[in-house]
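Below you'll find the structures, each written out as structure tokens.
Below, chain A partners chain B and then partners chain C, in two separate complexes.
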Partner chain A sequence: MIVEIAHFLSVTSAIVLSLILIFNLFFYFADSHTNQIILSNKLFNQACLLIFISFGLYVYLAAIDDFSISYIANHSNSQLPIFYKITSIWSAHEGSMFLWIVFLTIWSVLFVNYLALEHPLKRGTMLMLTLIILGFLLFLLITSNPFERILPFAALEGADINPVLQDPALAIHPPMLYLGYVGFVISFSFITAYLFHGDFNYSWEKDIKSWSLIAWIFLTIGITLGSWWAYYELGWGGYWFWDPVENVALMPWLAATAFMHSLFASSKSSVLKTWTLFLGIMIFTLSLFGAFIVRSGIIDSVHSFANDPQRGIYLLGFSGFITLISLAILAYRLPQLQSSKLIVAGSKESFLSMNNILMLTAIFSIFLGVTYPLILESLNGNKVSIGPPYYNTIFSPLILITSIFMMGSIDALWQRGMQLRKLCIAVAPTLLLSILGVYAIWHFTKIFSLIAYVGIFSGLLIIMSYALKLFSSLYTKAYFNKGSLLAHIGLGLLFFSVSMNSILSYQKNISLFVGEEQFVNASLSKFQFLDLKKTKASNHDVVAAKILVLHDNQSIYLNPEKRKYFARGQITSETAIHTSFLRDTYLTIGDQLDNGSWTFSLQINYFVKWIWFSSTLMVAGIAMTIFKKKIL
Partner chain B sequence: MNRIYSLLLIGLPVLIFIFFGKVLLTEESELASYYEPKPIPQFQLLDLQDQQISPSAFNNISLLNVWASWCITCLVEHPFLTQLSKNDIDLIGLNYKDSKVSAQQWLQKRGNPYQFSIYDPRGDLAFELGVTGAPETFLIANQQIIGHVQGELNQEKWESIFLPLIRRMQNKN
Partner chain C sequence: MLKSRQKRLQKFFIILLLSVAGISLVLFSLNSKLDLFYSPTEMLASELKLGSRIKLGGMVKIGSIRRVDTDIFFIVTDFESEVPVTFRGITPDLFKEDSGVVALGYYQNGSFIAEQIFAKHDENYMPPELMPVSKKNDS
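Take a look at the complex of A and B:
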């Protein structure tokens, strides 16, 4: 019964949303009256409330194990802890789409009510948001209904969620990512409304700045959590695989990053306006593209949901429809948007416009990497894979150019060019320190890889220039943007640690009998297989090994496990990780060989923790910027 | 200038949408492509276990599958290859532009369907063969490459492209 109520509420919400659209279309060209907006706003809030209640009921149904609902029966299990019963909702297509819509609704209802009644763009924004929510709600109800019952006989027990998904990081990774993706619906709708309205004297940037920054924070946390989970749960020792689904998350992130910078420029000195508007539209468009790629099954990926061409066509059609509305209005308004101001070479604006161009290049490169296999397939029916070699080659020069411009931009001023002599004096110490740093790394490691050293050098350039800026301003007490400093140092550290990781990390495969020990290399002088235990847990068998590793004279005990789950017969490997300041000792247990010995894969991963730390720095930097402004 | 931008702003997305729509709507067209038989190029390479491999290793009817640990589509075709390896056809891997460590780890993690994998980190042999990317599969018989599938090898392509060629070879003998 409850599920029918939840279903009914969602349908009602869809009806109310369509009524808002019809009502406003009808009256849009008649005399506009405040009461119309008040009425629409109230209806909008009610429709959103209906969706929240519907989702709340669904969460309740998942928590009490209502296996008469097909989706819950397929993805949950009565033996699961209540936490995973709830998170199982977003472990597959239908439920995660529902969550996606709920987040869309949360952002929309907050933003619409944040805009004052007299705000000139309130009505337009609200209508655009209504259209988008309605489109996705219909998508959910028509093509991927989570409320479907198994009738007449309900399942007695659920099928369980995939054990690798039974993990706290993965439970919060999708919600964070979705909050980020969907958050940019605000800038998308607001910009569309602004372009449609046509009063270009209005400074719209201030209204959505903080909203975009918050969405950026969620997106960054979401991507980082996914990467962290992959690192410790999948047991491959990697943190980023250039998988199509990771790529479609990275594209909106890059667009959002460019948008934040461009927004800064256009609110300060009214240049780059068209750029900012375009980027604001692009972020959500790329999010929709991501949803399409993941949910249509068009690309084979380790992440993708089940194939269903009907879903793909609906998503493509609807995304295309709203994106084209937005872009067409932008194209129509282009002549009026032209700024009469020219950008002075060497000014802050010129660096920010360079930033836009570089980010767009990066996005386009990823887009090409994601779609190239599809293009080839449609041309001659073949499938190929584009992997890390492509992305590494494309990104290392881009990163180098970006960091060189970033270094130059620190002392740049608004609307004024910089003298070449002054610029040289400003960057000389940074360049010198970075070259010394690269030389020192080469001196100590004696490993050379061009791509990695480009990354290290770029990272050092950014870190050094901001560090020097910090020291000099401690002396001169000059003002500097602390949030920006933190975020950029985070970025530099990210380049640095990713590159260091790639040259220093290594892996050894070892096979041993219980009680044996082995010499691995000079720094890993002993690898001892102490003990092996087989135990039974509530829903899986466990094989747990006890290993002693002597790493640079430090004794490390590691307990890697292998689990076999009863419900699905799936085998998972629980990695044992020991973390020190610079490196992780990362051990997974493999199969038992025919002669009775066990195989282990031992990885020494350098600077992985630093990667998580650098994205934390970026998030902290942006958070500081928000709270300093106190707009919200 | 503005007109060009406007055209790009609308035209480019429209093209992209049409392209994806076309991809979604067209069924995978199977081209039973005719492949001009050619001899295996000369090479001297090591396999992942550091054994010397030369063209004489291809004795029977064998499949040469180009793979890499970074290749996602290889992951997709892996179960099918594992199934194939149980037949009496030699399945030989060509590990393409990969590092030895990650290749070995990949095989250890997912199971090794190959009799051995030729280690080709710079893509030398792959270049001689005319490989465009991973995965690709070549059908070899009597020291001749007689068939070729670009991209994922699946049941459908196996039946439509390779199986007829193999039957023809067996009838000849």
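Take a look at the complex of A and C:
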């Protein structure tokens, strides 16, 4: 019964949303529309409330194990802890789409009510948001109904959530990511409303600034959590695989980063206005493209949901429609938006716009990497895949140029050029320190890889230039932007640690009997297989090994596990990780050989924890920018 | 008038030239970094250049897995042709007999040397790349 109520509430919400649209289309050009806006706003709030209640009921149903609902029966299990019963809702397509819509609604209802009644763009923004929520709600109800019942006989037991998904990091990874993805619907709708409205003297940046920054924070946390989870749970020892689905999250992230920057430039010196508007539209468009790629099953990926052409067509149609509307309005308003102001070479905004172009190039290259296999297959039937080498080759020069511009921009001023001589003097110490740093790394490691060294050099350039800035302003007491400093050092550290990780990390495969020990290499002088235990947990069998590793004379005990889950018979490995300042000792247990010995994969991964730390720095930096009193 | 138009045209061509150069660089890099996907039959039929990295996909033949120390030997089949595969390392948890597998590596002297082994994500999931193969099997 409850599920029918939840279903009914969602359908009602869709009807109310359509009514708002129809009502406003008819009366858009009526003279007095204050009352209409009040009415529409009320209806909009009600429609959103209906969605929240509906989702709340669904969460309750998942918690009480109502296996008469097909989706819950397929993805949950009565033996699961309550936490995973609830998170199982977003472990597959229908439920995660529902969650996506709930977040869309939360952002929308907050923003619409944040805009004052007299705000000239309130109505337009609200209508755009209504259209988008309605589009996704219909998608949910028509093509992927989570409320569907198994009739007449309910399942007695649920099929269980995939064991690799029974993990706290993965439970919060999708919500964070969705909050980020969907958050850019605010800037998208606001910009389309602004373009439609046509009063271009209005300074629109201040209204959506904080909203975009918060969405950026969620997106960054979401991506980082996913990467962290993949590292410790999947047992491959990697943190980023250039998988198509990772790429479709990275594209909006890059666009959002570019958007944040040009929003600063646009508000400081009223240049780059068209460009900023375009980027604001792009972010959400790329999110929609991502939703299409992931949910249509068109691309093979570890994340892809079951293949369903109907969903693909609907999403492609809907995203195409939304994108086309927004770009058409932008194109129509383009002549009015032309600014007479030119960007002065050597000014802060000139460096900033160069980096914007580079970020767009990066997005385009990723887009090409994602879609090229599809294009090629439809052209000549060749099946191909594009892996890390492509992205590494593309990204290393882009990163280098970006870092150089970033270095130049630190001492540059808004709207004023900089003398070349002054610029050279300003960057000389940074360059010198970075070259020394790269030389030192080469001296100690004796490993050379051009791509990795480009990354290390770029990272050092950014870190050094901001660190020098920090020291000099501590001395002169000059003002500097602390949030920006923190975020950029985070980025530099990211480049640095990713590159260091790629040259220093290595893997050894070992096979041993219980009680045996082995010499691995000079720094890993002993690998001892102490014990093997077989135990039973509530919903799985465990095989746990006890290993002693002597790593540079430090004793490390590691307990990697292999688990076999009863419900699906699925086998998973639990990696054992020991972390020290620079590196992780990362051990997975493999299969038992016919002769009774066990295989292990031992990885020494350098600077991985630094990667998570650097994205924490970026998030902290942006958070500081939000809470700074004078944002613009 | 004419002069400004000429200038504009000049600018346009410069931008065009730069973008073409950029895009062709990207495409060039793309083409040398592609991993072509083959089924065993397709791979044996095609004339591969020695040392070209490809992806080989199919099913793990029943009873073909053999482990020696940390090396693993098995046969990938599409129920028409078979290719022996060698891999050094730990296979993914979902790697098992009679289920889908994708190996990334090189074909040399009649056997496939895999650098990486990918298995299916979950038991219900089948890579689209393998769909035609498994359908053939069903029919």
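Please note the rule applied: the second predicted complex is superposed on the first by the 627 of 632 C-alpha atoms of A that agree within 3 Å, B and C clash if a C-alpha of one lies under 4 Å from a C-alpha of the other, contacts with A are read in each partner's own complex, and residues count from 1 in each chain.
To be clear about the criterion, contacts are C-beta pairs under 8 Å (C-beta built on N, C-alpha and C of every residue); 3 or more make two chains touch, one makes a residue touch a chain.
Keep in mind that this is a model prediction, so the values were computed, not measured.
Asks: Chain A superposed: clash or fit between chain B and chain C?
Replies: Pair status: clash.
Asks: Which partner chains sit in contact with A:G56 here, chain B, chain C, both or neither? Use first/second/both/neither.
Replies: A:G56 contacts neither chain B nor chain C.
Asks: In the superposed arrangement, does A:S601 touch chain B (first), chain C (second), both or neither?
Replies: both
Asks: By the touch definition at the top of the document, which applies to A:S365: first (chain B), second (chain C), both, or neither?
Replies: second
Asks: According to the stated criteria, A:T393 is in contact with first (chain B), second (chain C), both, or neither; which is it?
Replies: second
Asks: Does the superposition put A:N509 against chain B (first), chain C (second), both, or neither?
Replies: both
Asks: Just to be sure I read the superposition right, which of the two partners does A:G198 touch: chain B = first, chain C = second, or both, or neither?
Replies: The answer is neither, since A:G198 touches no partner chain.
Asks: In the overlaid three-chain picture, which partner chain does A:S385 touch, first (chain B) or second (chain C), both, or neither?
Replies: both
Asks: Once the shared chain is lined up, is A:T323 touching chain B (first), chain C (second), both, or neither of them?
Replies: Once the two structures are laid over each other on A, A:T323 reaches chain B alone.
Asks: With the two complexes superposed on chain A, say which partner A:F292 touches: chain B (first), chain C (second), both, or neither.
Replies: A:F292: touches chain B, not chain C.
Asks: Choose the clashing stretch of chain C with respect to chain B from the list 2-10, 20-28 or 110-118.
Replies: Of the stretches 2-10, 20-28 or 110-118 of chain C, only 110-118 runs into chain B after superposition.
Asks: Of the residues on chain A, which ones does chain B touch that chain C also touches?
Replies: Common to the two interfaces on chain A: residues 235, 300, 302, 382-387, 389, 507, 509, 590-591, 599, 601.
Asks: Give every residue of chain B touching chain A within the complex, in rising order.
Replies: The touching residues are 2, 5-7, 9-10, 13-14, 17, 19-26, 28-31, 68, 70-76, 97, 101-102, 104-105, 108-109, 132-136, 150-152.
Asks: Taking the touch rule as given, give the residues of chain A at its contact with chain B in the complex, in rising order.
Replies: Result: residues 235-236, 241-244, 278, 285, 292, 296, 298, 300-302, 309, 312-313, 316-317, 320, 323-324, 327-328, 330-332, 334-335, 338, 373-375, 377-378, 380-389, 506-507, 509, 590-591, 599, 601 of chain A touch chain B.
Asks: Residue numbers of chain C touching chain A in their complex, please.
Replies: 22, 26-27, 29-30, 33-38, 55, 67-70, 88-91, 93-94, 104, 121-125, 127-129
Asks: Please name which positions on chain A make contact with chain C in the complex.
Replies: 162, 235, 297, 300, 302, 306-307, 361, 364-365, 368-369, 372, 382-387, 389-390, 393-394, 507, 509-511, 562, 568-573, 588, 590-591, 593-594, 599-601
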